[in-house]
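The chains carry the letters A, B, C and D, assigned in the order they are written, with residues numbered from 1 in each.
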Amino acid sequence: MRYSGFRIIKEALTGHRGWGPAWREPEPKAHYDIIVIGGGGHGLATAHYLASVYQQKSVAVLEKGWIGGGNVGRNTTIIRSNYLLDGNEPFYEFSLKLWEGLEQDLNYNAMVSQRGIINLIHSDAQRDAFTRRGNAMILNGADAELLDEAAVRREYPYLNFRDARFPIKGGLAQRRGGTVRHDAVAWGFARAADSRGVDIIQNCEVTGFRIQDGTCTGVETSRGFIGATKVGCAVAGSSGRLMAHADMRLPIESHVLQAFVSEGLKPILPGVITFGAGHFYVSQSDKGGLVFGGDIDGYNSYAQRGNLPVVEDVCEGGMAIMPMIGRARLLRMWGGIMDMSMDGSPIIDRTHIDGLYFNGGWCYGGFKATPASGYTFAHLLATDTPHHVATAYRFDRFRTGHMIDEKGVGNQPNLH
Amino acid sequence: MIIHHPLLGPRDASEFVYLGAATLLDRPDPQTATPDDWHAYAYLRDNPAGPHRELWFHEGGDRSWLVVTRDTTTHEITDVALARDVALERRK
Amino acid sequence: MHDLTAITALGGAEARVDRHGGVTLAENSDLALSSVAARLGQEETCAENLTRLLGAAPPAPGKALLSDPLSAVWMGPDQWMIGADYQAHETLAQTCKDVLKSSASVTEQSDAWVCFDLSGAGIQMVMELLCNIDHRRMEPGDATRTSIHHLGCFVVCGEPDAFVRILGPRASAGSLHHALLTAMHSAL
Amino acid sequence: MTQINRLQGGQINRDRPLKFMFDGKFYQGFEGDTLASALLANNVRLMGRSFKYHRPRGPLTAGSEEPNAIVELRGGARREPNTRATTAELYDGLVAHSQNRWPSLAFDAMAINDRFSNFLTAGFYYKTFMWPKAFWEKLYEPIIRRAAGLGALSGREDPDVYDKGFRHCDLLIIGAGPAGLMAALTAGRAGADVILADEDFRMGGRLNAETFEISGQSGADWAASAVAELSSLPNVRLMPRTTIIGAFDHGIYGAVERISDHLHMPDADKPRQILWRITTRQTILCAGATERPIAFDNNDRPGVMLASALRTYANRFAATPAKRIAIFTNNDDGHRTARDLQACGVQIAAVVDTRPDAALSTDYQVLRGAQVIDTKGRLGLTFAEVKLADGSERTLECGALGVSGGWNPNVHLTCHQRGRPAWQDDIAAFVPGGILPMGMRVAGAATGALSTHQALVTGKEAARKALGLKGRAPKVADAEDMPVNMTPFWYVKGTTRGWLDQQNDVTVKDVKLSHQEGFRSVEHLKRYTTLGMATDQGKTSNMGGLAIMAELAGKSIPETGTTIFRPPYTPVPIGTFGGRMRGTEFHPTRLTPSHNWAKEQGAVFVEVGNWLRAQWFPRPGETHWRQSVDREVRQTRASVGVCDCTTLGKIDVQGTDAARFLNFVYANGMAKLPVGKTRYGLMLREDGIVMDDGTAARLEEDHFVVTTTTANAGKVYQHMEFVRQCLMPDADVQLISTTEAWAQYAVAGPNSRKLLEKIVDADHDISNDAFPFMACANITVCGGLRARLFRISFSGELAFEIAVPSRYGDSLMRKLMQQGEEFGVTPYGTEALGVMRIEKGHAAGNELNGTTTALNLGLGRMVSTAKDTIGAALSRRPGLNEADALKLVGLKPLDPETKITAGGHLMRADGPVDAAHDQGYVTSAAFSPAMNSMIGLALLKQGDERLGETLRLVSPLTDLTISVEVVSAHFVDPKGERLRA
C-alpha cells in the first residue's frame, strides 16, 4: 500500500480501517538464497537494496528481538559525511547522497532534515586539522565550509563567547549534514524490503552457524535450522557474540555509548553543534527535545546502560559551550552497544568461511552509514566483490598495516 | 562503578583509566613471534559477553595497573589484582 | 646564599589565607617534599632506612605518618612522599638520599605540589562538595589520593572535621584554590 | 480573587499568605501550597494545553507523575519551561505562565489541531510530507517544529550555579512515607549510618494526604513525630526535596537536592540544586505507588483527576477543584476519596463503581456496575455521562471527577539495571522482580503491599534484614490494613478518544492503530505512538496502553511485556549535571612559573591543553601579531631569546634497570647513552606509529630525566607505567613526574652561552669544550641554587635549557631579562617557537598526528633493528612501508608573498585536482624571517625523492591555489653548525 497525503485523508474519513501492517510476520522458510542476520538499520537496509537494486528474490532478515530495537533506535540521529581519510570519505558521501533520496525511494517519511552540522574549532592546530579535512571533503565531492568566530556567532549567538575556557575560534560546517528520525529509518527499510518479498522474521535468534568443510550452509536459530547459500552478519554491538559461533575473534570491542534527550522545547537549535574541546554534541528533534551525547563510557559492556561520570562529563561539556541549556531538563538517558573497531573504521568483507560475510565495527558512527552500509553490503553479498566506495573496509588491513584511523589514536578501541 | 583495589579497598571507577583486555600482558616474544602473533596480540579480542579480564590504571590514585575481572553483561566485579603481580606470575 | 626570591604556588610573595564560615583555607608554602620509591628487591632495606629517617615505620597504604620534623604519606606500592618544613629542609631530597642510599630512588617534589590546609569545624561539609571520599569516616592519619575538580590531589586527615591537608598539582594552584573557596562559600 | 475552593484544615500555614501570579493574574496561597493546590484553591482548573491537539488541561495528579499541569516558572534568564505545577513549591512572588498556547490559555488557536485529530493519528507524519522533496526542510518541517515543543528556553545563560557532592552511608532509604520512615526509625535507632531521601518538601508521603490514624495519632502527626525523632539522631541524615534519580552500578545512586527552587532566587554563593552521588552498601526503596486512571471518551478535561489526588488536595492542601465531585472507580480505594471529600464538606454527585457487587454506602450514592462514558465542559468539567448497569445513561453534574483504576507500585529504580518487574494478579500491577540492583530491598506500597500497616511492617523488616539485626522485632504501631478489592478495568469499551498519555495525546484509538499496522511490541508501540515519551515518562499512561495492546494481541499483560525504565526518575536540569564545571572553570588551568611576569609584559596567552602559554610578547608600536613574532625570531637568531618550556612533560626515571627500560620504550638506542649526555628519543606505539618524541638526559648511571611533548605528557607517563608494571615487572625502575617541580627555560641564540655564564655559578664550566652540544648536568645558579642545565636546541641555534625549582622560576626569568639587556635579550612565545622549529624542520604536534611513522618523518633509521622495542615489529608491516609512503618535506611558494595554508593538499603541477590524485598535505606553515618567505612542512608521497619538484597546493576550503617548490625540511642551518658552536 502506498503512503500519501491523499491516502491519509481517505483513511481518516473511513475510520482508518484500511491501514494494513507495515510488514508481514512470515514463518521462516527452510532455505533462502541470502540470510541477513540482524534486523537493525544496517541489516534491513541490506535486505532492501538486495531486493531493490540487486534483484534478489529469496532474502530473509533474522532478528532476535524486534526490528529496530538496537542502535538504530537508540542513537543521536545525526547524518554527515565530514570525514578525512580516503578510505572513509567517499563511503560516507555516498551514504549522504542515499539519505537525500531515501524517502522517495522508500515511500516513507524518515524526516531526513539537512539542517547542517558545525564542528567547533578552539585552537590553531584544530583549525589546521579541520582545514585538511574540509579540503579532503571537497576534493571527494562533498560540501564543506570554514567559518570564523563571527560567522559561528551569527548562527548560534547563545554559544559561550563570553568566558569560555576554550574560546570558539570558528567551525567546520557541512550544510548537507543534519538529522533523521531514527526509528523511521528501520521501519521504512523494513516496509520497503517486505513489500519486495523479503521475509522479516522477528524473535528469531541465531544460535549457531552450520559450517561444512569451510562453507557456511545456514544458521541454527531459536526457531530451528534455516538453510542459506549466503549469510551476512550485521549485528553491530553483538558482533563479537555472534561471530564467536564461527570461532572468529574480531578486531572489535563492544562498548556502551550513552545518549540523552531533554524535555520537549520550542525550537531554539537550528542545526547540529559539536564541541571541539569536550565531549558534547547536540541537535533538536522535530518534537522539540534536545538530543545530545558525548563519549563512550570507556569499558567493555553489553549492558546497554552507562554510569554517572559520563553523564556528568557530557553535561559539563554542554554547559561549557551552551550555558543557556542549564534549565532544560534531561528527560531520558539510554545506552547502546557500540562495536568499536581497532582503528575506528568499519569492516564490510567476506570471512575466511565461504558463504559467510561480515558487516560491523561501526563504532558510534553507524547510524549515518545506514544506507551506504546496506547498499555496499548488498553489493558484496550479491556480487562477491566489494563496492568501490567500501574497498578499504577489509578484515586484513590490520595485518597488512592499512589502518583507517581518523583520530590517530591507534589500536585502542575506547579512544576512537 | 566501584573497583576494590587490592591495597586501597573500594575506589570509584572514575579514578581509573581503562585500557582493554588483560591479554595485553601477553606480549609476543620478539625472538619467536610471527606476524600473525603480533596481529592477534595487537588487534584481535575475545570481547566476551560475560566475565572479562581487563586492565585498569589507577591514574587518580596510586598509579597501579590492575587486572579486573568484570562481567560485561552485569558489570559485576569478581576479582581484582595488581597487574604487576599477575605479570610476574605469568613469567614463572 | 643564592639571590633568587621564591613566590608561592598562587604566585604571591606571601602565602594566601582565606576565612569563611569558621573555616580557614591557608596556602602552605613552607613544605619541602621528596618522593621515595624502594628499589626492586630492596623493599625491606628501604623500609628499615625510612624507619630510621622518620623515627617510625613508613605508613601503610592509605595512611600518612603525621610526625615532626619529617612526615610521610603513602603514594603507591613501596613508594612514599616525605614532607618537612621547607626553611629547615630545603634540601630534603639530599637528606633522604644520604640515609636511603642505594635502597631507594629519591626525587625532589617540593615544587611539584601546592599545599592547602583546611581547618575549622564544618570542613566535612566543604569536602563532600569536592571529592568522592567518606570524610565522616576519616581518622587522623588517613591519606588518600583522589580527584578534586579533575585535579589529582592527596587528601590527608589531620583531625576529623577540624583539619585536612590537600596537596594538588602546583601549576593548577589557582584552579584548586578557586574550587576550595567556592565550596566553602557554598557549604557554609 | 479569593480562595473560594479553600477547605478547612490541611498542612498549610495560614499565617504565611503568599502572593503569586499565573498568566498575569495575581492570586493568593499559603506556605505549604504547591502552585497547583493554590490555583485549585482559587478555582483555577485550567493550567495547560496538551502537546499535539492543544486540548485544555488541568492537573491530573498531585505529584511528580503529572502530565498536564506543566508551566513556565519564573522569568527572564531564570525561565523554567515544563515545570510541574503539582510539585512547584509556592513562594511569595512566584510568577508562572502557561505554555504551548497562542494567543492565550483560554483561547488557543492551535486547538484547531483537535478538529483534525482524525488526520493526525499515530505516525501520520511517516506517511506524507514527502513531495516535493525540497519542501520538507522549507515548509513542512518548520511548521511541525513550531507547533511541537512545549515550553521555551530563555536562550540566555543560566544565571544560577549548581554544585555536585558525594555522600556515603550504610543504608540509603528512598522515600519517606510510612515504610521509609519506619525503616529509618528501625535503622536509626540501631545506630546505622542512614540517609533518608524524599522528593517532597514535607516528609511523610501518603500519610500527609490521608486521614487514617496510626496508633491514635493522625498519620501526618505520626510522620511529623517520626521525622522529629530522626532529625535528633546524629547517625541519620534527612534529605527532603531530594529525588533519587537513578540506581547505578555497585550501590551508587544519583540524587538531586533542590536547595533554592522554593526561594525567589538562590542566596549569594548558594547553588540552585546539588547533584549528589550517594555510595551506599544497602538500599531500601520505599517509593510508594502511583494511582492509575481509566480511559473513556474525553477523560482529559480539566477537573478529571486521579481520586487519590483529590484526597491529597483536600487533606494536605485544604483545596478542592470543585464543590461537587463524582468518583469513577474499579476498587474500594475510590470510596475512600468520596468519604474524605464529604468529610471536608464537598458534595459527592455519585460514586460510579464498575463492579456490580460494590458495597453501597449510606453517605453517598453508589452506582454499581456503571461506567463513565463521556464528559462535557469546554475549559473544565461540567457533566459526566454515566452508563448504568442496566444500560441506561445518566448525566452527573460535577466540577471534578475522581478516577481510580488501581495502583501501580513505583518499581522504576528496581529496573534501572535492566531488571524486569513481575506481575501480581490481585492488584493487577507490576511489582519488583528479577534481579534488583546490588544491595537493594523494597518495602511498602512499592512492593505491592498497599496498606499502611503493611508499609510499617515491611519497612521495619527490610531495615532489620539490611542491617542483619537479630532478636525479637518490636511490634509496629497499629494502622489501617484494608485489603485491596479491585477488579481490573482499563478502558470503557467502544471508546476511541479515551486518553492514555494525556500530554502526548495518545488515545485508545492510537494503540489500536499501532496494533493494526504491526507495531505490536511494547517498544514499537511506545515509539510509534509516542506513548509514555512525554515529560511525565508515562508514569500514569504506560500501563493502560500495555493492557490494551495485550488485549488486542490476545495475550496477558506480562506476556506482552513492559517498557524498560531508565534514569532519571524525574527530569533533571542539565545544569545540575554540569555543576561548577562551566565557563572558565570547565577544566583546570595550568600556569607556567613565569606566568605573572609574562602577564606584566602584556603577553598574549594561548590554551595548550590545560596550560596557558605566552603566544607572543607585543612591544609598543607593534600593531600586528606577525610583527611581534618576526621580531622575536630575528632577535633570538641574531642574539638571544628566552622561552618558558616548563610545559614539556618531565619524567624522572631511576633504578638499576633504567637504561634497559628506556632502551625498550624508545625506538632508538638508549642503553649506551653516557652519563652527562642527552639524546633525542623517538617513542612508538605498539602498532608502530609514532607516539611522541622528546629527550632523555642521563644525570647519573641509574638516573635519567626524559621529556615529552606538552600534549602527550600524561599519555607517555601512563604508557611508561604500563611498560614498567605489565611488560617489565622484573625490572628495577621507578618513575615519577617532575613536570611541575622545575621551571624550565630555553635560552637560545648565539649569545645564549654569554647570558648563561652570568647566571651559572663560576665553578661550572659551560664552554663548548666542557659542555658540548647534548651535554647535561646538575649545576648551581645565582650563588648556589640547585639547577639543571641541558644543551639541547629546538630552534636550531646554540641553545640551552635551564631548570630551577618552580618557586624560583619567576625570579630566574626576571634575572635572565635583566642580565640579558646588554645582548638585547627577548622573551619569545609559542608562535616564535613554532616558526623556528618549522624553519628547522622539527616534527611537532601537527606532524605527530597519530598516523605517521618514523619512515614518514624521515626518522626511519632511528628504529633500531638490533633490539626489541615497543612498536618495532608492527612498524614493519607492508602497509607502513610502501614505496610511495608519505615523507616529510619542506615547501616554498614560488612567489614568496603568497600564503601557505596548513591543511592544504598537494597536487601535481599539471595533473587533475581531486582526491584520487592527492599527493599529500601541508602539516605546518609559517612566515620565515630567515627565508623572508612563507614556508611549510608537508607529508608528500615519496617526498624525499621529489626535492625541487613544483607542485600545486590547493585549499578549496579557503579558496587558495598556489605553486610551491618541494625543498628540504631543514630551511635553516641544514648542517647544524650553529647548535654545535
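Quick note on the criterion: a contact is a pair of C-beta atoms (placed from the backbone, for glycine too) under 8 Å apart; a residue touches a chain by one contact, two chains touch by 3 or more.
Computed from a predicted model, the values in this text were never measured in an experiment.
Between the interfaces A-B and A-D, more contacting C-beta pairs are found at A-D. Put simply, the C-alpha centre of chain B and that of chain D have 28 angstrom between them. Between the Cα centres of chain A and chain D there is a gap of 22 Å. Centroids of chain B and chain C (each the mean of its C-alpha atoms) stand 30 Å apart. Chain contacts: chain D has residues 164, 248-249, 252, 277, 279, 417, 581, 585, 587, 589, 686-687, 730, 874, 877 touching two or more partner chains. Of all residues in chain B, those that touch two or more other chains are 1, 12, 14, 17, 19, 35, 42, 59, 63-64, 74-75, 82, 84.
Shared interface positions of chain C, defined as residues touching 2 or more other chains, are 79, 132. With chains as nodes and touching pairs as edges, the resulting graph is of another kind, matching none of line, ring, star or complete. Residues of chain A touching chain D in their complex: 3-5, 7-9, 12-13, 16, 19-23, 25, 65-66, 68-69, 73, 86, 89-90, 101, 103-104, 107-115, 122-125, 127-136, 138-140, 144-146, 158, 160, 162-167, 181, 183-184, 187-188, 202, 262-268, 278, 286-288, 303-305, 307-308, 311-312, 314-320, 323-334, 397, 399-403, 405, 407-411. The touching residues of chain C, when paired with chain B in their complex, are 61-62, 74-77, 79, 132, 144-147, 152. Listed in rising order, the residues of chain B touching chain D in the complex are 1-2, 12, 17, 19, 24-25, 27-28, 30, 33, 35, 38, 42, 55, 57, 59, 63-65, 74-77, 82-85, 87-88, 91. Chain contact summary for the complex, chain D toward chain A: residues 51, 78-82, 118-119, 121, 124-131, 133, 136-137, 141, 144-146, 148-158, 160, 162, 164, 246, 248-249, 252, 254, 275, 277, 416-418, 509, 513, 516-519, 521, 523-524, 527-528, 530, 534-535, 537, 566-568, 571-579, 581-587, 589, 606-607, 685-689, 845-846, 849-851, 874, 877-881, 901-905, 913-915, 918, 921-924, 954-958. Of all residues in chain A, those touching chain B in their complex are 239-241, 244, 249-254, 298-303, 307, 309, 342, 398-399, 411-414.
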